[in-house]
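Look at the two complexes coming up: subunit A is in both, with subunit B in one and subunit C in the other.
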Partner chain A sequence: MTNQSALIDRRSILKAGAAAGIAGLLATPEPTWAASEKPIKIGMVDPITSIFAAMGHSEIKGAKFAEEEINKKGGIMSRPLQLIVEDGAGNPGTSIDKAKRLVAREKIDFLMGTVNSASSLALSQFANQHNMLFLCTGGHVDALTGTNCNWNTFRTCSTTWMLTAGDFETLFDKFGKSWYFITTDYAFGHAEQADYEKQLKRHGGTMAGSALAPVGTTDFSSYLIEVKAKKPKVLCLLLAGDDQVNCMKQIAQFGIDKEIAVAGALIELEQLQALPENARYGWWTAEWYWKQPNTPHLADFVKAYRAKYKGEYPSARSWFGYASTYAIKLAVERAKSLETMKVVRGMEGLVLPPEVALQPNAPMYRAADHQLMLSMFPGHVLKGAQYPDLFDVSSIIPGEKLALSPAAAGCKMTYPS
Partner chain B sequence: MSTDLATETARTAPQARTGMSRRTIGNVVLGVVLLTVPLWLPLVGGYTDLASRVLIYALAAMGLNLLLGFTGGLSFGHAAYFGLGAYGVGLMLKYETHSLFLALGVGTLVGGLAATLLGPIAVRRRGIYFSMITIAIGQMFYFIAIRWNTLTGGYDGLSGFARPKFAGPGHLLSMGPTGMYYLVLAAFAIAALLLWIVLNAPLGHAFVAIRENHKRLTFLGVSTQRYIAISFAISGFIAALAGGLNALLDGFASPNLLNYSMSGDFLIIAVLGGMRNFYGPLAGAVIFVLVRDYVSSVTDNWMSVIGLVFVVSVIFFPMGVLGFFNRKSGS
Partner chain C sequence: MGLLLLFNAFNGLIQGAFYALMALGLALILGLNNTINFAQGAFMALAAYFAFTLTPYVGFWGGLIIAPLLAGALGLAIETSLIRRLYNRKDPIYTLLLTFGLAFIMQDMIRTIWGAQGKPLEIPQFLNQPLSSTYFFLTGYRLFVVGVALVGTAALFGVLRFTRIGIRIRAGNSDLETISALGVNIYLLRSANFVIGIVFAGVAGILAAGQLGLNPNMGDALIMPAFVAIVVGGVGSLVGSLLGGLIIGLASGITTAFYPAASEVVIYIIMGVMLVVRPRGLMGQEGLFE
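Up next, the complex of A and B:
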């Protein structure tokens, strides 16, 4: 008995430490709308904690920015828009829990989120069971608008195929044939590696090896020792969130980036910002960038965004949140209804106007698989640069040039009768 | 603290005999409250799935409490059996069957058998070493679920199965939130009844005796390890049943269900409600799930609030919420 109570006491001490940080954390919910109109509610599940937190925060900031802008301009069909955010913790189980609460307690009209692919797949299935529109803001796994596509699910961010196709040939021609992959062990990483392998095989390249790293890995040294031994031409990093940050730091400590070309599919402004200067390197694809000369409305957007968020620059994630919120507004106005099926039809073929698209091409939600044809921004990290100008975009490629056709992606869309 | 506990038990034991009618009334009131949940819960701002979640967590914590509160074994690995139950149900529904009860039965059996087979390893040690072994075994299942992508879906979790219809005599009933709630309630009632029978049988008395004086029972020639293993197995079966119901409720199984932090949640629930009390875990689950549900809409640091509630309750009512009220009414 004594042993047990001692153990429980120790736990309570640990808990006390956690509890000490509680004061002042209770935040008050926003926003207020002058009219007595019933608001249109968008539920947003996105990671506020976990390794995906930095990206989740940006998506939420982008969405809140859009919410404010929309409400200032008269709302949606002259009803106010209300965005209700819940923390999905980058974890499918928690995300479903939160979505459940949003549906049951808040009676939301639409669901959107999340940074994490696994959570996005889970929410897509959840929304399907609840006959609700789900707009995926930032989970890249191919299956979401491919083999697992649902009539009620749309996606704003790119597919992993688009991410890998955006820079594969450049990397292959520039650096060489033998590749080593360090891949995050969940849907996103698996899909990315499968896509790269397919292209590698097609071009006659070889796999020097690969390693699957569990989500939340902090020590990559065992993988990096093997990379040094195998001496590939390209070290391809397919990690997500803070995992990528940790791995890039350790690669710099090992000095691998000096010997082997480090590249990968996706880089985010949040990750580059979190890295020390000596660990900023490599060839990647961005999905949106705040610096695009000659793109209309972009400068105004960046300026207004920075004014709201204390000088912070919008990232691709901010744009996902922003564009997704607007896409729901535009689809509802096109459908002139909040009924799920009508809004789905309204979003099919919806082209984002320039003030929302904020890129040279006009991205459209493709009707056959519900995937937004956004542009890809392959490029490389600038050496010795200062935030926010950390990435050099080599070209802006229209999404429809990179994306697989809906049939090739494996999407057979069926609608409820 | 241990003398405190001993006097507590000594005092409540005779009360249990004399207070039969009070207990019956209590059970009837509880039964009526639970049966009418779908009617009154929406009126106070809740929703039926929330009540199902409360009962599922309460069920798992009651199972754990047989080991923790009545046998005196602190297991940090019961999430493993909970999770195995969930994956058992999920995999059955996804690949094998559309029968609700077959899936639930198989899930319960998988988790329960795992506890039956692995319990004897853990019970070879006592105290903190016992707890360490249970953590290790639990984490083993967690990592299997994370890494075995082809079977479990890995980190992505197991999806792609839905709650089947209820195959009643002659017709199919669809399982909405209300139907699901009554299924959970039925499972809860049956498991609670079984636990009650066990606790009032010689077996249950042996469990309590082991908790109170393990050495003395060993001197008397009782094979305490075997009894603790039996308690471990029963509590594992109940945790697995709860896990299976959780999978049905969510239509999804996540590897986090197997994680030791989930075991910690069950422990918090049991201790918060009162681990010497039969219905303690139910009270604990009500507090835990409601705090989680309401506070997490206000702040992301809801775990801090749970932590605070837990610390306060451990300091001020070490016998849990129900233990505190029982003591008050007793004195």
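Up next, the complex of A and C:
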């Protein structure tokens, strides 16, 4: 009998708890929009799980930060903006499934997202079939705004060519002619290596060797044995996400970074954070960095972002999410319409204003291939540095100086008649 | 080329010892608990995160001891509250599905508590360097991992051979009904066995994190080689699991010398060949899953 009453007690406590929880949810302040104002919906497919999760979370945080800011300032054409996020798990199939759901169930107006190249290519095609604007936040493969460019696809992050061009000459002059590549075995890595090889050839360098590592490789020791045997001047790491973290740790454990210059195209703040102090080294390119002396509005942005996310510093990924969300807002306002073709025309040639660009140059979505001409930040990882100041930017190069021309990149844009 | 091959073979054996350590816990649980514990990888990750949280207070060594025990305690709770209910269903698919779901829940729990951002697990500096510049792949830490694998295996075999509980576990492996009829509390025995298996997973997880760092998905990458080691070595045989781990480590090491891109695939090829040629594995019992 006592048992039973204890059970009832527990149940009522649970019920009370649930009720309190629901009440809490309902009590979150609603934005002060008139009920008639239907929100403009951006569907965001980005990895919340998988090896790309850390970067996906940063992009989502950046986008949510922009959503909040935009809504506080009156929304888009006095309609509220609503960001709906789905987990694409870094997988093209899953990303398409989630995009389908966003289109069918949420009736989204625009699609954006994805950290990795394969998913970005898949979503670009999906959006093309659905006559919808797709703004790629973070997949780098050249083809997306090159040979596979679509009239309705834009991209905020750089191309792999821009990443490799950003630091190639510095590395080549500083460390030497013979290079060895450890490359992630999918679109992103293949594209990066092809771009470096092209530049290496042009400058008379040599390939000491290369190895493809499957996505999710955890043990790189056998690759590194091969690297040591080939004695290259530069070990070029073209890995993504956690794979790069694993490889850099093992390089440090084996002491290879003290004998061979380790470099690569892309480094992300998320990766540097995941590394122990002794494994932070090398020459890389960042696509954006939170610390740029003299860049207007940057300090305010970093401060507000940190206030929202418990002291966390914005990464390049956070900026992709932030800038992409704003880019859609600005394009819609330029087009004064939600119609895909009009917004596409609004985004072509759109220059990000300083408070969104947050870099010294004024990046523009190039009309001919829809690629944002964002700046590149080549530099090196500071020895013994502590979070968040982990990277020393040696120069900020305007994107249009590095990017291939749309014709050279292979983009022939065709529009539906 | 000869020297390179030797390097890779040796390096593969080191990796294999690590696979073996992971496979042992899994094999133990598969044996007496008749559970294909898909959550083993998640337990590894969880123990590693526990160690990460504890390290500032108790150091790396303290974490290496306490965190697996905490994971073991959680394992005990899960075994007694969930897995135990499914023992009577003979088909292992039920526990497989349960632990498969648990793996997802635990992974998301880790992501919620510690965040999606990868984190480094600092290991003592003296372990973190190569012992010689020729044999640069022999770092103190990797030798330490091999040492732990050897000691852990020896301890496990000692327990199974010489202690009462170990003898009961082995007896239960071959005939659970009979030892139950002889008055052994098989529920308790299975709980104890499950906890030992999880503690093993915990140690392996922390050691892996020391080399690879922490991220919520780390269990996914670790669990597959452990499964393959068991299938190759033979389901139901601990010695087999040990052997299986070493074999796939070696094979993966040697493959890298010739064609690195296939170094991950080769272990699955070995598993496939084994399943066709000798389905019970090198040392497995016949018909355990029939």
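The working rule: the second predicted complex is superposed on the first by the 381 of 417 C-alpha atoms of A that agree within 3 Å, B and C clash if a C-alpha of one lies under 4 Å from a C-alpha of the other, contacts with A are read in each partner's own complex, and residues count from 1 in each chain.
Here is the rule we use: a residue touches a chain if its C-beta (ideal position, glycine included) is under 8 Å from a C-beta of that chain, and two chains touch if they have at least 3 such contacts.
As the structure is a prediction and not an experimental result, all values here were calculated from the model.
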Contacts of A:Asn91 with subunit B and subunit C, given as first, second, both or neither: first
Touched partner set for A:Leu121, first subunit B, second subunit C, both or neither: first
First (subunit B), second (subunit C), both or neither touched by A:Lys100: first
Subunit B versus subunit C as contact partner of A:Asp185, first or second or both or neither: both
Subunit B versus subunit C as contact partner of A:Tyr223, first or second or both or neither: second
Contacts of A:Gln129 with subunit B and subunit C, given as first, second, both or neither: first
Which of subunit B and subunit C A:Ile48 touches, first, second, both or neither: both
First, second, both or neither for A:Leu239, with subunit B first and subunit C second: neither
Intersection of the subunit A residues that touch subunit B with those that touch subunit C: 48-49, 185, 214
Subunit A residues touching subunit C - in the complex, by the definition given at the top: 48-51, 53-54, 56-57, 185, 211-214, 216-219, 221-226, 228-229, 242, 245-246, 249-250, 252-256, 270-271, 273-276, 278-279
Residue numbers on subunit A that touch subunit B, as the complex places them: 1-9, 11-12, 15-16, 18-19, 21-22, 25-27, 29, 48-49, 86-87, 91-94, 96-98, 100-101, 104-105, 117-118, 121-122, 125-126, 129, 185-187, 190, 214-215
Subunit B residues within the subunit A interface of the complex: 1-2, 5, 45, 47, 49-50, 72, 74, 126-128, 131, 146-147, 149, 154-157, 159-160, 162, 211, 250-252, 254, 256-257, 264, 267, 271, 293, 296-301, 303-305, 307-308, 310-311, 314-315
Subunit C residues within the subunit A interface of the complex: 4, 7-8, 11-12, 14-15, 107-108, 111, 115-122, 125, 128-130, 133, 136-137, 139, 141-142, 208, 211-217, 220-222, 252-253, 256-257, 260-261, 263-265
